[in-house]
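First chain written, first letter: the chains are A, B and C, and each begins at residue 1.
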Amino acid sequence: MKLSKIASILECNFEGSDTEIIGINTLKDAKEDEVSFVSNSKYVKDLEHTKAAAVIISENLASQLPADCIPLVTKNPYWSMAILSKYFAPPIEDDTPSQPKIGKNSKVSPKAEIANSAVIGENCTILAHVYIGAQAVIGDNTVIYPSVTVYRDCEIGNNCMIHANTVIGSDGFGFATNEKGEHKKIYQNGNVVIEDDVEIGSNTSIDRAVFGSTVIKKGVRIDNLVQIGHNCEIGEYSVLVSQVGLAGSSKLGRNVVMGGQSATAGHLEIAPFSTFAARSGITSSIKEPGKTYAGFPLMGHRQWLKLQAKLARLIK
Amino acid sequence: MKLSKIASILECNFEGSDTEIIGINTLKDAKEDEVSFVSNSKYVKDLEHTKAAAVIISENLASQLPADCIPLVTKNPYWSMAILSKYFAPPIEDDTPSQPKIGKNSKVSPKAEIANSAVIGENCTILAHVYIGAQAVIGDNTVIYPSVTVYRDCEIGNNCMIHANTVIGSDGFGFATNEKGEHKKIYQNGNVVIEDDVEIGSNTSIDRAVFGSTVIKKGVRIDNLVQIGHNCEIGEYSVLVSQVGLAGSSKLGRNVVMGGQSATAGHLEIAPFSTFAARSGITSSIKEPGKTYAGFPLMGHRQWLKLQAKLARLIK
Amino acid sequence: MKLSKIASILECNFEGSDTEIIGINTLKDAKEDEVSFVSNSKYVKDLEHTKAAAVIISENLASQLPADCIPLVTKNPYWSMAILSKYFAPPIEDDTPSQPKIGKNSKVSPKAEIANSAVIGENCTILAHVYIGAQAVIGDNTVIYPSVTVYRDCEIGNNCMIHANTVIGSDGFGFATNEKGEHKKIYQNGNVVIEDDVEIGSNTSIDRAVFGSTVIKKGVRIDNLVQIGHNCEIGEYSVLVSQVGLAGSSKLGRNVVMGGQSATAGHLEIAPFSTFAARSGITSSIKEPGKTYAGFPLMGHRQWLKLQAKLARLIK
């Protein structure tokens, strides 16, 4: 889409080279053929180094852009980005005339739905009522149980097992809100990438990224009814017990263990080999690896035991 | 069903006009062709104004009924109502010979199941393995992702998006229990009404009403793995983050925000523009609009921060 | 499988009678044609009475086995058991040529998938997109709503109702972890047994047992989005409200009531008629029947109210 078309969609002025734009991305990750946006003061620092062709921006910040980056000035840049996101959303289903590629010795139920542009490896078992969307890729030796939904563009590695009714790649929970309290959807144009040797339980939801990928690394174990928000990254061999909830963009190091019903806020980084007791509520990043935590607010596991003892005395 | 038939099902006496009854409802909402019941002292006050043709009632309360309302006296009115509810349950599937009505430009997967008596608007996308039950109505421009189940009689508005494996209209969690501890199902003969511009995530459950409707108003945003009990009402533009749980009959005003894993007890009213931090546990109604809360038990968000600081000092 | 084959798979020595082995089981439940294992000091006491033909064991414990029980000595018996479990896993789907047995007056949607070796009783309703796996057995008068998945070998009784998108029999969350932090799946070769008159909500997950059965007894009521771990046993008429989570091997007595979002740790025994308020976190067994609890850590409900009052004073 031409930059001039974008400016016209966003009803804003536009000066400079009318280049072809292929997508939206963060200031940090945007390439020369993408537009970006700034709506949160936290990201203003990324303005000076962005490679984006153009940035949706409020008037007062426009001067901080690099010289070769075109400002698209709007009153509410986040709302504008939400409007634009729809134009870069691929169709829900592709009208590819070809057949899906299915590797040898793979058994695919005739009651599964495999998009024409999907690719399935060798020795897979795909059971009834599974949906594999457009451009999705499944590796070798992977088992997908009934009624699993894999949205378009998502990737699942080799030797994975996905249990029934789990959803891979539903839209992240993203929207802009205006001053009247109305919401505008931010189309989630990223995907989910699941590496090799991952097992995921039943009725779990893993959301696709808004830009880029939500990533589940090699050897991870995820239980039933777990929520993984958009753009999370789960480190190798991490273990997420049932009903865990991860808000968007949190990154877990390798071998992190999260007990049942524990949860993280968004945009955190959790050091490798951290362990969280059931119901832990994690609201800040954890830098030191290998420690054990509990409680909400979170504290060291020992501290938590001490606090419980004190509270027990309080009620006597 | 004739009132005499109902009296015979409930094995109780019956005096008065043998009118035709079309359903069961609360004392407050029952019309002249419905029966009601009273089983909770909280609702005794509604007896004098009820328009119900007859009320299932214990002997000691029967005298409080209006003169033209027929008492159906039983030992355990709630249990009796549960017995009766089954007789008013429509069949799970209708044997309608006609085809479903599907609006122009709508794409319905041949692997979806659309009941014959269902109506789907224009420009909709209904993906594989979706189930749309009898008499269900879907508006225009609505997208329903794979393996979503919409139970019979439910309504979804225009411009909605329902993500994969979500369930709209499963039975509310209703039953009577007798003195032996056995349970009797209360058939949930109401429905779910979802207004326009609503987006709902994956693996979410929204229960149908026992009587009347569970209502999701215009512009609401619901994340993944959320539980909405029967007869809840979610106000315009409210936002329910992942793993929120609402017990039955709670009513949220407009633009209420509930953080991840927060929950409400049943039968509450929450003022508009209230915000609840993640894990909040709400056990009483909130009358003042626009405040922010946290914790379980619930308190003002600032108070909660103060309490955490005090507890932190306790363990030092 | 011959014991000599097992020894060769586990790369361990083997002396004694080369009997035919049909499965793996706990020390307590293993029969003469099964192998067992010991990996947790808690179970060392079961060594002397085991009837297992052979036990996977570390060198230092081997001498405690009964005389007629063959030791299979490995460095990491739990890891070895995980390796072996795969060999006793039945195929995901059976290649039975016959048709499933479907009782008279049962309505099965042509869009459901019923394995050839499954048995469905009389007067059942099986809706679209349901999956009933190999050897699964469904009783009479049972209703199974759309997109429910019943894994192979599971049993559901008479007069049950399973709401949409619920999963019965997905794999328990079981794996061994080695010193590098890598995981090895423990195949879950047990099943789920649901007795008569049980109703289960939508989007609930009930995991199959690793050995033996996960059991849901007569008359139980389970709400939406509930997690039941492998080898749990839920007593008659118990009530599990939405978003409850039960870790593996916990046993609830009859008429236990668990409020919304409450949870138990694994391997607990809960006395009959115990009641837990919403969000209770149960970490030890409860022996006295009929009491009411709240909080996490758990305490008597009255104590919890007292504690909340004290905390309220703290912040004033």
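We adopt the following convention: a residue touches a chain if its C-beta (ideal position, glycine included) is under 8 Å from a C-beta of that chain, and two chains touch if they have at least 3 such contacts.
If you want to know which protein each chain is, UniProt gives these names: A, B, C = UDP-3-O-acylglucosamine N-acyltransferase.
Keep in mind the model is a prediction, meaning the values are calculated, not measured.
**Q** How are the chains arranged in terms of who touches whom: line, ring, star, complete or other?
**A** complete
**Q** Are the two sides of the chain B and chain C contact the same residues or different ones, given that same means over half of the numbers occur on both copies?
**A** Both copies touch with mostly different residues.
**Q** Chain B to chain C: how many Å between their CA centres?
**A** Distance between chain centres, rounded to whole Å: 31 Å.
**Q** Where does chain B touch two or more other chains at once, residue-wise?
**A** 111, 129, 147, 165, 203, 225, 243, 261
**Q** Where on chain A is chain C touching in the complex?
**A** So the residues of chain A touching chain C come out as 107, 109, 111, 125, 127-129, 143, 145-147, 161, 163-165, 199, 201-203, 219, 221, 223-225, 236-237, 239, 241-243, 254-255, 260-261, 273, 278-279, 308, 311-312, 314-315.
**Q** Going by the contact rule set out above, which residues of chain C touch chain A in the complex?
**A** Going by the criterion above, the answer is residues 92-93, 111, 113, 129, 131, 147, 149, 151, 165-167, 170-171, 173, 175, 177, 181-183, 185, 203-205, 207, 225, 227, 229, 243, 245, 247, 261, 263, 265, 281, 296-297, 299, 303, 306-307, 310.
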